[in-house]
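Labels for the chains are A, B, C and D, by order of writing; each one numbers its residues from 1.
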Amino acid sequence: MPVKNGKQYIERINKHLPDVRIAGEQVKGAISEHKAFKGLMTTQASMYDMQQDERWKATMSYSSPLTCDPVGLSFMQPKTKKELAARRKMMQTWAYTHHGFLGRAPDYMNTAIMAFSAAAGLLEEETPQYASNLRRYYEYCRENDITLSHVFIQPKAGRLSTFLKTFEEPVAARVMEKNKDGIVIRGAFLLDTQGATSDEILVFPAPFPSVSTEESPYTFAFAVPSNLPGVRFICRESFVGGESAYNYPLSSRFEEMDTLVIFDDALVPWDRVFICGNENLAFRLINESRFHTHASAQIMCKNIAKTEFLLGTIETMIEAAGLDSHDHMIEKVTEVILALETLKALQLAAEKGASPDRWGSMLPNRKPLLAANAYFPKIYPRMIEIIQLIGGSGLIMIPEEKDFDTDISGQLNRYLKGIDLDAKANVQLSRLAWELSVSAFGGRQSVYERFFFGNSTTVNNRLYNGYKGRETFKNRVRDFLS
Amino acid sequence: MPVKNGKQYIERINKHLPDVRIAGEQVKGAISEHKAFKGLMTTQASMYDMQQDERWKATMSYSSPLTCDPVGLSFMQPKTKKELAARRKMMQTWAYTHHGFLGRAPDYMNTAIMAFSAAAGLLEEETPQYASNLRRYYEYCRENDITLSHVFIQPKAGRLSTFLKTFEEPVAARVMEKNKDGIVIRGAFLLDTQGATSDEILVFPAPFPSVSTEESPYTFAFAVPSNLPGVRFICRESFVGGESAYNYPLSSRFEEMDTLVIFDDALVPWDRVFICGNENLAFRLINESRFHTHASAQIMCKNIAKTEFLLGTIETMIEAAGLDSHDHMIEKVTEVILALETLKALQLAAEKGASPDRWGSMLPNRKPLLAANAYFPKIYPRMIEIIQLIGGSGLIMIPEEKDFDTDISGQLNRYLKGIDLDAKANVQLSRLAWELSVSAFGGRQSVYERFFFGNSTTVNNRLYNGYKGRETFKNRVRDFLS
Amino acid sequence: MPVKNGKQYIERINKHLPDVRIAGEQVKGAISEHKAFKGLMTTQASMYDMQQDERWKATMSYSSPLTCDPVGLSFMQPKTKKELAARRKMMQTWAYTHHGFLGRAPDYMNTAIMAFSAAAGLLEEETPQYASNLRRYYEYCRENDITLSHVFIQPKAGRLSTFLKTFEEPVAARVMEKNKDGIVIRGAFLLDTQGATSDEILVFPAPFPSVSTEESPYTFAFAVPSNLPGVRFICRESFVGGESAYNYPLSSRFEEMDTLVIFDDALVPWDRVFICGNENLAFRLINESRFHTHASAQIMCKNIAKTEFLLGTIETMIEAAGLDSHDHMIEKVTEVILALETLKALQLAAEKGASPDRWGSMLPNRKPLLAANAYFPKIYPRMIEIIQLIGGSGLIMIPEEKDFDTDISGQLNRYLKGIDLDAKANVQLSRLAWELSVSAFGGRQSVYERFFFGNSTTVNNRLYNGYKGRETFKNRVRDFLS
Amino acid sequence: MPVKNGKQYIERINKHLPDVRIAGEQVKGAISEHKAFKGLMTTQASMYDMQQDERWKATMSYSSPLTCDPVGLSFMQPKTKKELAARRKMMQTWAYTHHGFLGRAPDYMNTAIMAFSAAAGLLEEETPQYASNLRRYYEYCRENDITLSHVFIQPKAGRLSTFLKTFEEPVAARVMEKNKDGIVIRGAFLLDTQGATSDEILVFPAPFPSVSTEESPYTFAFAVPSNLPGVRFICRESFVGGESAYNYPLSSRFEEMDTLVIFDDALVPWDRVFICGNENLAFRLINESRFHTHASAQIMCKNIAKTEFLLGTIETMIEAAGLDSHDHMIEKVTEVILALETLKALQLAAEKGASPDRWGSMLPNRKPLLAANAYFPKIYPRMIEIIQLIGGSGLIMIPEEKDFDTDISGQLNRYLKGIDLDAKANVQLSRLAWELSVSAFGGRQSVYERFFFGNSTTVNNRLYNGYKGRETFKNRVRDFLS
């Protein structure tokens, strides 16, 4: 199957429905009709539709090197700056359809699996079979337009910090058994966003430290269909406010469900195993594939679209309130403008500064991207705070769509209008601002952005350790002083 | 009726149910059974019950000067420091039952009407009748333990800033007519918290500026029963997550509904009119009654209870996560400790520095209270941010109570436990943290605290202008330089 | 004279010495030997020397369109992106020689006069003579490598805000008389940095508002030799710590003196007048010449050099203290790295996004530059704060160079060494950090950077008002909601 | 000798002058006449004079329990709340004479030695002689009004962090030898503020960790005369701007010199040894004497005086500039007001919440004091930043006193006046603001305040670990959830 459309996306997910639990119930029937998933799947279907739409086709796909079929462009390994630009254009196009509210739009994992596969050579020497498993899996995803989710982290109970407090046997995920058919996995993984609505899942946890210098049962990487026996997805509460796009402009469309994934002695077949036992190799694959660099280039498109959306919202709010010439409002708007210009400039710098890596990829310059990863978690909550500061009580006292259909609509029309906005449009704007800055949907977005690539210590260390060339500056100071 | 109990509170509200609209429907039947109001009314009923409970009676009530019946202590005009301390103790006791989540616990408006009434002398000269109306109304509230709500502000469409942009006739609230029975009011008022579940409403808006030097139709203050003909309450969306106290420990108990109140040519009888037409007097009554000082003393009790609750939550979180000896966690906890010590010290300073005012009240020192009003809106969002920073992904990936009743409970128990906390208790703690920092209930609390006594410019100016004695410091600098 | 060298720079300044007052004395003799000016002039001389140095010549100069002589490249009007890049390279080269500590390196005013002159067409219609005066003055500066200073602002006593408080006749600068020889100016101007050590001065104040719709006596722009009769420069206290480059690595080289300039009925000849009387034209020349854009491109080079110098200093400090693997130090370093990457990316974006303007200039994209102008005043004080936080008591308890020449040097060597740094080098590093973050030189740098392009309100409004294309984002939100 | 006066203070210091080095020279002759020390000693002399001045005598002294002579009240061990209040009044009185700019006014160490001595019982069991040494030393200081300095920390080269990087033998201070006359000490100590102008020095370093479980050579505490053979004081650069109180209102009076103290095999007689070898006891004496609590009560007086002085300065500045009704200025002033109210309230809370400790002292409540220690290092730099933000270019372009004595005074008078301030007074105000926020004196004050009681991690941990009673809040949350 070449690039799929929305219908195909939905049909495949519905057909292979995995074991999904939500609020004490197991999802039965078409998950695309379930109120917790419907809006998101509709949005994502419309994105897949763009792949077959004449207007977007050329932007969204490229010719498969294997079959010459059109396949998703975010699967493409970029070999030139031109290809890098094509990737950016593709990813930015999708980002403008979800305005940055999808942290796991399909191009995220498409990019990830491309990055890992390109670096499969790392695995070659030790276990050539794993290298070829990884490469074939990438091709399988690309040629079948697989919707993929992933898990990297484990619950706190499975981490070293807990072990060091309790000295109890850790519940960290591990290989229970290796047999002729594959490896048997037991453990839980956190925050599989869109896990319940994906075809497959990539499992690649940060290994729990092993005393063994040989083979660690805590180290592995693999991918399996989401409906593999022994795999279960437990959802958090749904933050879809309701179906009305007037009342819930964001959550009715963009609520990505997060799940806890449990592997209960699930059997992973050998041809889907990429790493097993070698802790050092696991760390190297993450680092040397430059997964974070490639993924950051995708996320940059998302973050720019989101910042532009917030800027547009904020400017619309202050105009509707008649505050667009107040210095303290201008100060707040310019904070957002500064954030946007910064992100756009860092994106440009990453692309202009790209250079080929040893895997044959044209790798964007890491420095501006890793810097952006440290920047966005600081500025996103501040932009949301700005919405609260501008919105004030207007973020609390908001009627709903249905109120306009009753005998009180005249009163609402009279009292709730804005400058150049009738009451219904003004209230709708408030509902958008409310979803962004007050609702559970908005709250989850804030937490998600804060921790997107890890906590601040992790993100800072990644930037610090990846910052090549700093000797220049120290030498300049040394020369100056001598 | 002396101090009422919870049952009496609920019965009276249910009996006199005003015109309340929510999500396009009018509330019918017992409002105390409506899911949007039930939890709050139950909480508030339990608070009223304390008034008749032997354990709390002495703390909660005092002997009416009129009838010698026990009446609510928060109605008491404090004449000595001892009475001030008694008021604080009473208010702190209630605050510890709602942990600071009720912005409009009954003692708030009890205090307000006491403050206004004590200053009724201001109205004496011009319109003695208004002065006696106000005094009698206070007595009525006190003797009948009236649950009172209030409105001070108008929708943006009714404000000067809008008029200056549009030059259209403002929709500001106004007196349409004065007749022998009373005054006829048309207009809308914002953010009547608990308006739908109160006996009466006090209306005292900041007047829209009038060109007339004589009598302004935009200036008035009065109180009426909430079910007065022509009065309607329009609710925002309910933020009650559900009835489960496990899933929604806060919103199932403390969700105070906010309403937009509309007066559609409602007739206010003359004996309920306190101000009509005199703009200057309206401003003076607000200022010279020291309403903000008295109300701030009540709010201080709330804010201390809330900060203690947050501190307890945060410390429990870091212990459950095994992070209580990490420097960066200790740094965050000490921020909260500093906030708590600051609030408690400002409370003490206000009480120790109290002095009699011209209305015969023992007035707490305004300076520390007005300073606290500038402080809390800064520190509350920061404390919530700290919860997000500590909670991380644990604030997102949370199952619900029902999940523990299914076949997956074993897995949850295994993977979601904390240090010294089983999974169910650990998840419950996460749900509390989620309600505080991610949910719509928590989001509304943040906005509410940011704007509790007005926006930052208003609050800063109130402190600046109320800061007597600053000449000392300027003189000290002048002397130093000379 | 084509590009001058350092000797020529010094000789001309010494020869034409203006009326300069410092600490109650008038400067007599060679100003280049005066301790307050010597270090700066030596530094600047070395920069001018580069213009004739074979190693730098090609970078620093270009062929005069008038004479084909090599003239300073920062005078060049950029007409292509290549020329823009050449300008950047030239300016960056000088910036690396003063590490960003000169706010008024010669290329700043070279750029300014180029920008104003390129827009002389604005003046054409009303007063062709002024237009040609401006163009000829630019050529004069370029061909004679004039060292130029400027003043834009007036003392507070001459501003509108003072007038509105006092209603006394303002002391704003004004044209006292127009006669056949020129215009007679009386007034004072603030903060003429390097005014005492420049050949000429450009005077272009923000006009005091005039009631007249015709010709305002408060509006003018002109340039004159610094030693024009009736002109006087009053210096602030010198912040040169001393001559020792060990003790005062920065102030011994980079202390740019600021002056108050007084025009006491000085006669400005007609051929040096660019604007006289037309308030509107004055504002337009500032705005439409895109002075701020061109100047910002120069300042960006300075700010990048400075940030790199701070980063090098900070990293050297934490290494010498053995703290380079501590998370809280890494956090601080990454803040500076983020600042540097942001500035570099904004610089790139401005240059890549350049487009021709109506004056024939290839104008850098304003958005990233105006954003950088809002950004640097926030981040510079923070970087200095980081130095304080890292340095701690090591910034206070620092001996001097001479202490190492006495009998106590053994003790100093023993106790004050750093990791991989002997005591003398370690103390020198501390002295650098001290000059940056504690000394009066460093304090003045912080204030200077905070207000470089005006206070934050001015800078924010300039960005806000210059931010074209924002409708896109509002429209996107509107479409999303409809 | 009972309480001394200024003359006695100066004479004794001059007579016993220790080995003091500054800028490569040894101080000879009367140190009170040396330009680096003169201003400070004059200020401090005036403070000592107050002890014998009829107007202040009763406030400043109390009757010695030993001799009934009047002795300094800051030496008094407080046994009642009344005595605590008397101490506060005494310390506040001195603080208002130096406006908080002296970090080591005499009452600081008077308080310290009182606290240590009161807890001498700790030493009793192990080495009764040390306990009695300490008590007798306290009496000696009190009865002779000894001006005492102290050192607690060592240069970085002597710390564990350096050792862990280099594995070289640490240069940490140590006991080289114990003989019949005493202990021989070698090592260096940092930041002995006023060390060069004190009678004696208390040495009590945080011990370098010892492997020995028995007796550590790195652990000791003692006090000796500053002119003990083998002891040397090395000064940093003096930050006295000059003698003119007009030009340098602060540094001409309050420049406390900091010194590096070197013990070069100095012999400490046995009767001056308080601790030797017992690491655990050293830590306990610091903690259980509640040194930090007592010292913090003294520092609180300083910080309040300083904050009031800054508030007075800032308000004078905005009035002179005509900006006192601008919202953004009011916002900044209210920040300072909030800081002042907070400090005053915390002071009150500490005193009102005092309780007797096991040493018989009435101990102020630690919580508000330790909280204040975490608060002031955050708010002080912010207040200084506010001065920079308000002052702007007016902090840079400031003439000097002598300029007003020349022919340009007329021009200065015309152009530099403020609202209701003539030019000379306005410039003087600017010089004060400059000393606070730009000069090296001001820079050193900022660093000093940031690290007064240690770096932020140390201060936060001290608050966190000293915060008794926090179980209440965790239990409240637990009860709420159960």
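Please note the rule applied: contacts are C-beta pairs under 8 Å (C-beta built on N, C-alpha and C of every residue); 3 or more make two chains touch, one makes a residue touch a chain.
Everything numeric in this text was worked out from a predicted model, so none of it was measured.
Shared residue numbers account for over half of those found at the interface formed by chain A and chain C, and the copies are therefore classed as meeting with the same residues.
Summarising the inter-chain layout, the chain whose CA centre lies farthest from the centre of chain C is B.
Between chain A and chain B the centroid-to-centroid distance comes to 40 Å (mean Cα coordinates, whole Å). For the pair chain A and chain D, the distance between C-alpha centroids works out to 53 Å.
With centres taken as mean Cα positions, chain C sits 44 Å from chain A. Along chain A, residues 327-328, 457 each make contact with two or more other chains.
Listing the residues of chain A that touch chain C in their complex gives 96, 99, 249, 308-309, 311-313, 315-316, 319, 327, 330-331, 333-334, 337-338, 341-342, 344-346, 348-349, 352, 367-368, 371, 374-375, 425, 428-429, 432, 456-457, 460-461, 463-464, 467, 470, 472-478, 480-481. Here chain C touches chain D in the complex through residues 21, 23-25, 153, 155-158, 161-162, 164-166, 171, 188, 190-191, 232, 234, 236-237, 241, 247, 258-260, 262, 264, 321-323, 328, 381, 385, 388-389, 391-403, 405-406, 408, 411-412, 414-419, 437-440, 442-444, 446-448, 450-451, 455, 457, going by the rule given at the top.
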